[in-house]
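Letters A, B and C mark the chains as written, and numbering starts fresh at 1 in each.
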Amino acid sequence: MIWWRPKSEGEFQIVKEVHFWTTSKERERERERERERERKMKKIILLTVLALLLAMSLVAIGCPAPQVVPDEPAAVPLRAALERMRVATTTSLYDTGLWAHLEPMFEEEFGVELDILYAGTGIALEWGRRGDVHAIATHARAREEKFVAEGYGVERVVFAYNYFLIVGPADDPAGIKGLSPEEAFKRLMETGAGRFVSRGDDSGTHGKEKAIWREAGFDYEVVRDAEWYIEAGRGMGPTLVMASEEQAYTLADMGTFLAFKADLDLVPLVTEGDILLNVYSVIAICPERRPRTNIKMANNLIDFLTSPATQRLIGLYGVEEHGMALFTPAAGMDGK
Amino acid sequence: MTEIWQGFVKAIELIVSLDPEVMDVAWRSLRISAASTILASLICIPIGGLIHFRSFRGKRILINIIQTFYSFPTVAIGLLVFLMISRAGPLGFLGILFTPTAMILGQMVLITPILLGLTISALSGVDKAIRDTSISLGATEFQAIWAIIKEARYAVMAAVTMGFGRAISEVGCALMVGGNIRGFTRIMTTAIALETTRGELELAIALGIILISLALIINVALNIIQQRYT
Amino acid sequence: MFLLEVANLSRKYGKKEVLKGIDLRVERGEVVALIGPTGAGKTTILRLLDLLDPPTAGKIYFAGEDVTHSPRLKLETRRRMALVFQKPVVFKASVHDNIAYALKVRGHNRRDISAKVSSMLNTVDLADYRNRNAQTLSGGEAQRVALARAMITQPEMLLLDEPTANLDPLSTSMIENLIQRFNREYATTIIMATHDMAQGQRLAHRIAVLMNGELMQIGKPGEIFSRPRNMKVAEFVGVENIIKGTISSNDGGVVTVDVDGNTIEGISDYRAGEEVSVCVRPEDITLALSRTSSSARNSFPARIKLIASSGPLVRVELGCGFPLVVLLTRRSAEEMGLQIGKDVYASFKATAAHIIGEAGV
């Protein structure tokens, strides 16, 4: 169907003339105002976004205000503004709970927030080398001495020691009970009876284990290929738990063993031998090598650990719970 | 079996009694993951919009790469971020390693691919006519992108929720760049990892319950959002 | 000065030429209908005019300025026009927010937006739907929202892409009324694509026929329908009587066309011997029961083959050596007592016979 109503020409003309004179000028002004508004909007949006990002970052950085320890509520509001000091410690010290015991005392005395990072000696040393921590507390003499010699550490300060021990299942399939550490390892290698769980994490304990294998006359690379040899790749606590599960032998530090003993199905088998001595020392990171380090606080920590009061506390730590001390205070003693 | 049961009962006690340590760790987890999700969203959603909006050479490949990074191992991200912000690294001057800021940064890097990728696919679901309509109505490029994002708001919210889920549940990166410092950078996942190895099972189970409940809430929310969306 | 001037506008998609050298000038306040079959390039031309897609060649001048590729003018120019799509598109938001969108992106304040939207809601008769989710609206309502959303800024030029293509008759007439109102009240220049010729005739001051990407003819609706430029246009605009023949003589502009022995007289410049088509509009033909001495130069005895109702009219098909369709009012059909098989005389004036050459012009 085709049908149309042509529009009158006149109507079209009038429309054209009446409206456009007035509106086009108004429109021009309106557009100018719009552009102005838009410029303002852009600025506002940009500023808002920036302010938002800034605020969030501040919140993020400011959010540390920790409220863990319920018995010192008064300190909470102040803490956000406190100085922070960072120490990397070996897992054997951390897992015994010694650090958690000493931390509040140090923080109170020096008005600092002590951040304790736990890791194997290898990683702790690496963090120190990179300048990510201000002090390290480890137990691997040779590597510590090398660390100081390379200029990363100021000085190796001994503050405690205890002994390593070889633990294993009560039935002792390889029959190592009462032997010297070197003899015991020889026995393990020769009989191949029972299994051995190694830390396998480049920690101080792992280093000690390798040293014993060397003293016993074996190449560590050969030992680790043995079928009965398991590398856990974890901290002292988990390694002990694993050895208990597997009913295997392992080398452990006295402190951690005592701290975990209740949950373990393991008994001490080899406890005597010079090589089993386990010396803990603390090293401040050298400010000449790593300028951003907090050497003042690192020195405070060393002074704190070697002070008579703290030394006494270290000597008493664990007596109540385990019936014997986990560590022997050793401030002022040299390396061995 | 009794051990698990006892642990479970004690864990419930810890939660019900609002144990300060459990609450502190859970609250920090939430704060850090929320911060990283919000910051990453503020960056990723507009960029995702821009990638969706513009056509350029290699766009397909870029999207493929982004999607590949969805399941990038968290420890690898952790290592990368560690190397960047360690004192000896290029961003070492910031001094943020082993702080919550570092964890937020790590989680942001971690969830960026998910946020970007899911934002892009959320926006792809929007009718192209929406974009033409907003442009023809005088929107600038960013206003048009914003209009598209608003159209896909439920799918974008789902993307953000997914990002948050991944952020709060990861452990590798948080451990490497946060250091699991008690009262400072210890969050639920790192606490669970530590307490389990120490045999402190009650605490680990309590935190695990909170984390699972959170995951459940997130999933339910996600489902509701998606139902409304489709 | 023309509000819109388009010169040699072309667009290719890959190798396919969708638009071929379009030239078009539109005055302020004018309504131009783009008509053409599906795929003729109507949507493409509107998208180019709205600067959504860039042309492959050619220029677009808006208010005298070349806006074809200028990034500076792109947004500004776009903000002086608006495009409504064929498929009603609404944002996932309330009716109010949909209509407010163009003002929002231009940074108007809340009070201004609220006032303008309220007035526009009344105009499009959707005041009760203000807070409804726009996605729950019917097609016709959604298209009204789309139209309101486009008109809220009172753009100088409104582009409409088949705005009533998928709507029911009632919605269609509402939309058409709105289009007319906007043109009258705001003097908005409107370019609308449609495949509905009747709609083009109802709304447009001028009609442009687009076929296969080419602008075939542009002119006043009467012109297009009574004097299509070539066969394609004639067929598309629905000229029902297209009679092929050969010009036998041309006497000072009055030609005689030989159609299988019959002769039709018409006005044309074609010379004798040329093959032509004669177009006669059905409503220009009169029927009589006997041969009358009317002024009509063409009169043929014919027999009625078919009678059909067509709305208020009656459509009669005749045979008179060639087929002929005639439209007349129901009353005159009844008065003459027309029925199939009856013999009548069909007459039309020489000026009613529009003659098209084979090649077209």
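What we mean here is this: contacts are C-beta pairs under 8 Å (C-beta built on N, C-alpha and C of every residue); 3 or more make two chains touch, one makes a residue touch a chain.
A quick note: this is a predicted structure, and the numbers were derived from the prediction, not measured.
S.K.: Count the C-beta pairs in contact for every pair of chains, then give the pair with the highest total.
M.R.: Highest contact count belongs to chains A-B.
S.K.: By mean C-alpha position, what chain is farthest away from chain B?
M.R.: So the chain farthest away from chain B turns out to be C.
S.K.: Based on Cα centres, what is the most central chain?
M.R.: Central chain: B.
S.K.: Taking the mean of the C-alpha atoms as each chain's centre, how many Å separate chain A from chain C?
M.R.: 78
S.K.: Once you find the CA centre of chain B and the CA centre of chain C, what distance in Å lies between them?
M.R.: Measuring from centre to centre gives 57 Å for this pair.
S.K.: Find the geometric centre of each of chain A and chain B from their Cα atoms only, then give the gap between the two centres in Å, rounded to an integer.
M.R.: A distance of 22 Å separates the two centres.
S.K.: Residues touching two or more other chains, restricted to chain A: which are they?
M.R.: Touching at least two other chains: 38.
S.K.: Which chain B residues sit where two or more other chains touch them?
M.R.: 140
S.K.: Which parts of chain C, given as residue numbers and ranges, touch two or more other chains?
M.R.: 79, 106 - these are the residues of chain C that touch more than one other chain.
S.K.: Considering the complex alone, what residue numbers of chain A touch chain B?
M.R.: Per the stated touch rule, the residues are 38, 49, 52-53, 56-57, 59-61, 63-64, 66-70, 86, 95, 100, 103, 113, 115-118, 129-133, 234-235, 237-238, 241, 260, 263, 290, 292.
S.K.: Note which residues of chain B are touching chain A in the complex, please.
M.R.: 20-21, 24, 28, 31-32, 35, 38-39, 42, 86-89, 92, 95-101, 104, 140, 179-185, 197-199
S.K.: Across the complex, what residues on chain C touch chain B?
M.R.: 47, 50, 52, 75, 78-79, 81-83, 85, 87, 89, 91-93, 101-102, 105-106, 146, 149-150, 153
S.K.: Name, in rising order, each residue of chain A that touches chain C in their complex.
M.R.: Touch residues, chain A against chain C: 1-7, 12, 15-16, 18-20, 23-24, 27, 31, 34-35, 37-38, 40-41.
S.K.: So in the complex, the part of chain B that touches chain C is made up of which residues?
M.R.: Chain B reaches chain C through residues 127, 129-130, 132-140, 143, 147, 150-151, 153.
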